[in-house]
Every structure is written in structure tokens, then in C-alpha cells.
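Input: a single structure, listed below in C-alpha cells.
Per-chain residue numbering starts at 1, and chain names A, B and C are given in the order in which the chains are listed.
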Amino acid sequence: MATETKKLSIICFSGDFDKAVAAFTLASGAAAVNWEVNVFFTFWGLNILKKQQGRRFIGKGVLPRFFNFLMGGSRNLPLSRLNFVGISPGLMTGMMKKRNVATLPELIESAKQLNVKLIACEMAMHILGLTKADLIDEVKEIIGVPTFLEYSKNGQIIFIS
Amino acid sequence: MATETKKLSIICFSGDFDKAVAAFTLASGAAAVNWEVNVFFTFWGLNILKKQQGRRFIGKGVLPRFFNFLMGGSRNLPLSRLNFVGISPGLMTGMMKKRNVATLPELIESAKQLNVKLIACEMAMHILGLTKADLIDEVKEIIGVPTFLEYSKNGQIIFIS
Amino acid sequence: MATETKKLSIICFSGDFDKAVAAFTLASGAAAVNWEVNVFFTFWGLNILKKQQGRRFIGKGVLPRFFNFLMGGSRNLPLSRLNFVGISPGLMTGMMKKRNVATLPELIESAKQLNVKLIACEMAMHILGLTKADLIDEVKEIIGVPTFLEYSKNGQIIFIS
């Protein structure tokens, strides 16, 4: 008789506000019922983890600095639809607060307390010229695809693009 | 010897026309070869399930009513690319009909007949101020993340964003 | 004791440049550590596999020819964000080259050498009026959902949308 595998790995490729909320809601929801949860942030998703919440010229190299500025930080996450020059993420947060639903910073905090492992993608960090120091302290590891797959073995993997 | 698990859970986060077609094609295709299939609609994906197919000010609260109007209903699903002020979903449906491929309403109907379980996300309903009465009758359950994970255990999970 | 399953199936629905890079990075990364990898390209994802790398009126039928022209080929893949009339994919490739990270054509080549199986979706080919001859030679099979699920059984499935 096979033992149950309760392990969820989320690849968060998106840096959209609504998708970040979905990623953390799933992560915390799973961790709350005792699933092992890894969230692997790559490319646009790294915006969610940047220490500098606003737009900054960070990273090594001219192109990455320019690109990181355009990407912005966690305060600049757009909505994937109906974005209206950045009004909508605030609108959505307003609706969430009104309904007593946890907002994104609260979701990140609860993920941390529930031992959700937040991981950054080594290659994306490299392309974007980012270092560990550019990310929030909650990020414990920077790993590549093989290690991520090792962590995810026999669990379920979700890709949020 | 492990018994085969043939269970597919689809999280449909997207409300784009082309992705809805993909979600239902996968769901019906899997159900047709005897997989157990759950489709969990959340956020934008709830548009696909709205009873009112056009734009309506539904939901409780001013912001949700406004937001639901902008989101539209199943007749307003945009194409994720090349949308051209809404022409393309019709264009794609035209191509599908021409090739005798099932259109979205036909795919929903066949999913129903193949016992695909259509489920709405409790938290997204709450944020958007929607109730069971706003959704089509095919939706049998409104559940949260823990129940969804329970349903999906030992199966495969796909996230369509 | 269950034997480990090391099988990854990727559904590449997206035709965005950044997501194609993610799909092939995951595919090659997994294959390099001896996972069995299938990548199933559908709808917009078929652009990545088109033999004609530029915009061409290919496919059977007026609408599909028009639609394929608009979709473009592998040289027209847009970035999912910050696309700026097509400048960004080149910008991203520039950053990748600078960091000695494999570019998309290199990733496709290495996937091939690592025995990643590239598969095209039968129904999407049919809707878009494409035939095997329109795709690069690396594509070995054109299959439907049931066969894809059979290939993916007991592995992990990722949907890149």
C-alpha cells in the first residue's frame, strides 16, 4: 500500500499581482493542511521577492539594470488583465480587505510561518544580474532546475505563468 | 505493484477564451478515456461559469459589481493574444466550426455528460461577491483550497493561468 | 516500496518567447538528470515549432492562413510582458548571451540531443490548418489528448500558458 504523497511544488514564473495572490493562497492553503510546499520563483516571479519594493536600477550590467527597472518591484506588480495603468491591483486589494481576505503581504507572512519554502531560480537571477542581497530574507535558497526537480520528486508540480 | 492513478485536476485561473477551450478539451479528453477529472475555476476563470453571458453588474458591493462588469461573462471572454477588440474569439470559433471541432459551449456540454466535476473557488467567489445563483447549474460545488487538494491527492494537477 | 517516477510532461500552450525559454530550460534540465521528458506543443506553442521562422501565410483555408500570419513563426515570438514592439525578446537574448546562458535555438538543439520528445497537438494543428511539413523535423509525433495522457501517466504534468 502506497503512502500518500502530500507535496506541492509551485513554479511561480509570473510577476502579475493576481497570480502572485493565487500562488501564495495555494501555498499557504496546502501548508495549512500539512503538505510540504516549495515555491520556486523564476523570471518575472522574482519581482515578488525583491527587497526594494519600488522601481530600482538594480543588478549587474547595463541591460539587466534597465530591465529590472522596467520590471519593477513587489509594489509594481500589475494585474494580468484590466490593469488600467496600475489602478487594479489596488482595487483588488481593496476588495480583499473588505472581505477580510488576506492581502499579498499577509499571505507572504503566513507562508513563512507555515514553513512554505521560498526558493529563487539560479539561472533567472544570473540572467537578471540579481544577487541574494536583492531579495527579501525569507528566500532561503537559490537553486537550479535539477535541485528543484529533486525537491519535487513524487509530488505535484504547478506552473503559474 | 502500484495501481495506476488516473486522476486529473485542472485549476482554471484564466478567463481567456483560448485557455478555456484548452481546459475543457483536456478535461473532456481525459474523462473520455476514464480519468477522474475535477476542474476548479478561480478568479478570472469564474467568468466562464457565469449564468449571465454578457456584461452585468452582479455581485455584492460596489467594487465587485464594477469589477464583474469589466470582467464580463462567458460571451466576453477575450483571446489571450491577437484579441483585436474582441474579433478573434469569433474568428477562432469560426475556424473550429469549419474543422468540425467542438466549440466552447459544446465542450462544456460534453464535459458535463462525461462527469467532469466543475467546481468554483470559494475564496474567489467571496472576493468577487458572487453567489451560487450567479453561476450555471453545472457547477455542483463551491470549495476551498484544502478540499481541492484532498480531491487532487495522488493525481496530477494542472494550473491554467 | 514504490520505485521513483522521474517523468515530466510539459504542455506548452504559450507562444511567448520567455515562456518558450522556460519550457525548454525545464525540459533540458530534467532530461540532463535522466528524467523522461515529453513536451506537447499546442495552439500558440506551435509557433515555436514552425519551420518558417518568419511570418508566412501557411495552413489550409483562408482564416487559418490569416491567423498563422498574425501568429508569426519562431522569429516573431513576443515577450509576455514589456514587449515594446518586439524589442524585448532580442534584449532578453542579449542578456542571456552576455551571461553565457543558452539561447532558445541552443536550448531546442540541446533538448533534441537529450532525447526530449517534442510532440505537436493534433487538434490544434487541425484548427490552424497546419501539417507535419510546416513543422521542424525535430517534431516526431502529432498526437491527441488521450495519447498524451497515456505518455504522462504517473508522471508530473506542467501546463505553460
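Throughout what follows, a residue touches a chain if its C-beta (ideal position, glycine included) is under 8 Å from a C-beta of that chain, and two chains touch if they have at least 3 such contacts.
Fair warning: this is a prediction, and the values are worked out from it, not measured in the lab.
Undergrad: To test your reading of the model: what rotation angle superimposes chain A on chain C by C-alpha positions, in degrees to the nearest 5?
TA: In short, 120 degrees.
Undergrad: Interface overlap for chain A and chain B, more than half of numbers shared or less than half: same or different?
TA: Copies use mostly different positions to touch.
Undergrad: Quick one: chain A and chain B, Cα centre-to-centre, how many Å?
TA: 24
Undergrad: Which positions in chain C are in touch with at least two other chains?
TA: Residues 2, 156-159, 161 of chain C each touch two or more of the other chains.
Undergrad: Write out the stretch or stretches of chain C touching chain A in their complex.
TA: Answer in residue numbers: 2, 4-6, 8, 14, 18-19, 22, 25-26, 29-30, 32-33, 35, 80-82, 91-92, 94-96, 98-99, 101, 156-161.
Undergrad: Per the contact definition, I'd like the list of chain B residues that touch chain A in the complex.
TA: Residues 2, 11, 13, 15, 42-44, 61, 63-64, 67, 70-71, 78, 123, 126-129, 144-146, 149-150, 152-159, 161.
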